[in-house]
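Chain nomenclature is as follows: A, B, C, D and E, assigned in order of appearance, with residue numbering initiated at 1 for each chain independently.
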Amino acid sequence: MSLACQIEGKFPFFTTLGGGGLKGGLHTTGAKWFMIESQRHSYHLVDPSPWPISGSLGALATTVGGVMYMHSFQGGATLLSLGLIFILYTMLVWWRDVLRESTLEGHHTKAVQLGPRYGSILFIVSEVMFLFAFFWASSHSSLAPTVEIGGIWPPKGIGVLDPWEIPFLNTPILPSSGAAVTWAHHAILAKKEKRAVLALVATVSLALVSTGFQGMEYYQAPSNISDSIYGSTFFLATGFHGFHVIIGTLFLIICGIRQYLGHLTKEHHVGFEAAAWYWHFVDVVRLFPFVSIYWWGGI
Amino acid sequence: MEKEMILHSLSWRFLTIAPCDAAEPWQLGSQNAATPIMQGIIYLHHDIFFFLILILVFVSRILVRALWHFHEQTNPVPQRIVHGTTIEIIRTIFPSIIPMFIAIPSFALLYSMDEVVVDPAITIKAIGHQWYWTYEYSDYNSGDEESLTFDSYMIPEDDLELGQSRLLEVDNRVVVPAKTNLRMIVTPADVPHSWAVPSSGVKCDAVPGRSNNTSIFIQREGVYYGQCSEIRGTNHAFTPIVVEAVSLKDYGSRVFNQLILQTN
Amino acid sequence: MPIATGLEREELEAELEGKKRFDMDAPVGPFGTKEAPAVIQSYYDKRIVGCPGGEGEDEHDVVWFWLEKGKPHECPVCSQYFVLEVIGEGGPPDGHGHDDDDDEDH
Amino acid sequence: MAEIELKTAPADFRFPTTNQTRHCFTRYIEYHKCVAAKGEETPDCHKFAKYYRSLCPGEWVEKWNEQRANGTFPGPL
Amino acid sequence: MAASMARSGLRSASLLLRGGAKGRAGAPTKRSFSASAHDDAYETAKWEKITYAGIVTCTTLAIYNLSKGHHHGEEPPAYPYLHIRNKEFPWGPNSLFEKKHHADH
């Protein structure tokens, strides 16, 4: 009993070449409205999509616009903001398409789910390397302070945050939201959809509180990013971690909405799992800057 | 015993010819060693070259043999051998042993080059500027300002006298005593430079914000030529370095006169 | 029955019935000889098959070849015999042969 | 033409590598701490002075003196 | 993941100490290690309690922390490495979080 399901065009300007891919053939001719005999292989031959090219054009506009803006060229700022908007738009519609293909059209069989699963793991590993680079820079310059900053760390005249004020306060909030996301995960596994939504709301609110405190901390910080190597390494490491907290929060908000709409089931919630892994990565990473930059780096 | 005899007679014959301490037309080998470090470099080169020749001969033998065996007319049907675990083990283990033999002398030399001499007799600072070198002899001054400093510009081509080499001569040479431990402090005033004298085996990078130390022990008196070895703008190729090693007595008088000239 | 649609639904249905909708594992069986060749099941008339060779010592790098209905194939390296057994609808795998409704001419 | 007595800053075990930047900086700070503690012309302060003068490039010394003058010298004096 | 488990394990232990009898101690016998649905329900409840414990700790810490106010440090002398501006930013002398206006030097 194969469900006849209609494949409507994903993008009005493009006519869909093949429907659900009769007999696994990408090059079947004519628009097939009924899937008489579904494909034999479990892979998902994606329909042609404009989002890769639009994403790269957005990236091009952002980079060129960014350079023009920083060199105060005419129109640099507009090109930069246009590029950023275009990238955000591409992300939005591309991932909307992925949700359609997976949840609404059911193309994501077990074999296809491996793709986003490995993809998110590798992405998180690359994020680990990304943040590791900044922690390396911070410890490189703090372990052997150069002569120009007096051979001492932190350099004289740099106002250093007391680690036991807001930074210490900020450190348990993230793991608590980590616990909340684990609660959500088990709620999904136990088919308690409504509880999972509540758990995700708790996770997101804790994350927003943590970002709020981080912003307050930056606002009250006596030094800023252009105050010697201390400022740049401090704000780069903690800033990018904060940025990743924001990315994780957005990811979790999307999962919350999808959970509310019933997209996530006990058997198939790869999107949520990726968000949970990402969130645990962000939790654990928080401990390193607290110990090495706030605490040790501030003595 | 007779090896020393031959070496002695050979070196006696060469002594009459001046050792080459500067770049020469059609020069293939390295310049003659003026310091023990340079001598070590030349010996290492010979060690490694020995292994290179061995490998070259062996590999070309195997290459020719393979071409021969897979020649279309002589052996039309190739053998179907795909694996050979023992030969595979041999051709991985053995080639990894050779670099170990090369590594031992090269590490020994490398660490001896980076030695910071325990008690140097003189400290000379070579400050790299964009397109000239400044030298500071500040062991003998009393105040912050009176150290003996002079700039060393290249002698342009049109003011060269006969016998002077093009692009290698300088107006003020670096005068150093021979047979004494020198500490050269090399640092730039602007962009990265590199203070290099091939015959004494020295190439010391001048990195902004860092004072780089290299120790030299010049064995014989003479004039040694070098050039800046770090790209740094238009006249990069026109900033030579000339080190003149003189005996201890001459060094005293030369530097002392210049010091008097400088201070009053 | 969990909420699903399309191929994912078919996969879950097969799973509930204990069958395998997409069998991804390599077939395992005795070394195929001329008399008792290794039988490869296929939904179409031909299928790409990889022969990994025998057990232990005479195992060799996988050799890929097209195995067609009615044409037993011998592996060039270890001379293992393969024969195709069509269990599905047959026809060419890329679906060009006999399309159903629109062009009836061939 | 008095014989020049060859004497310069000895190698310091605290700075065994080719990077002598901190060696020069430490000698400069030691001198100024010694001057602050014991006044101007004491022999061991003079010793430090000779060390940092032979080790530190003239330009650095000028820059540090100027910074000390207007109180923006980052070193731990 | 391990760190947050450890931290929350720690906190639920503290929950026990504070006489919260409903924590882990009451139910080790019931807990079976197969991933049955019932197990998920138990895990869900456990993690829910851990989250609430986390929230409680954070709020108490926040109240205590914020009540202490924030002291404002004095302006440091113009060291060469402070407020580095080799070339002014297109958005002017102040940056996102820098509300004090640095004298241009």
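Everything that follows uses one rule, which is that a residue touches a chain if its C-beta (ideal position, glycine included) is under 8 Å from a C-beta of that chain, and two chains touch if they have at least 3 such contacts.
Being a predicted model, the structure only gives us computed values, none of them experimental.
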item	value
For subunit B and subunit E, chains touching each	A, D
Neighbouring chains shared between subunit C and subunit D, ordered by label	A
Contact-linked chain groups that survive once subunit A is dropped from view: B, D, E | C
item	value
Most central chain, judged by mean C-alpha position against the global CA mean	A
Maximum inter-chain contact count - chain pair	A-E
Gap in Å, rounded to a whole number, between the CA centres of subunit C and subunit A	40
Where subunit A and subunit D are represented by their mean Cα positions, the distance between them in whole Å	52
Centre-of-Cα separation between subunit E and subunit C, whole angstrom	55
Junction residues of subunit E, two or more chains touched	77, 79-81
Residue list for subunit C, restricted to those that touch at least two other chains	none
Numbers and ranges of subunit B residues touching at least 2 other chains	209
Set of all touching chain pairs, with the criterion as stated earlier	A-B, A-C, A-D, A-E, B-D, D-E
Complex interface listing, subunit D residues touching subunit A	21-22, 25-26, 73-76
Residues of subunit A defined as touching subunit C within the complex	1-3, 5, 20, 22-25, 27-30, 36-42, 44, 102, 104-111, 262, 265-268
Sites on subunit D touched by subunit B in the complex	1-4, 6-11, 15-21, 23-24, 50, 53-59, 61-62, 65
Residues of subunit A that touch subunit D when the two form their complex	146-152, 155-157
Contact set on subunit B toward subunit D in their complex	114, 116-123, 125, 127, 136, 138-141, 144-145, 147, 149, 177, 180, 183, 185, 187, 189, 204, 209-214, 248, 251-253, 255-257
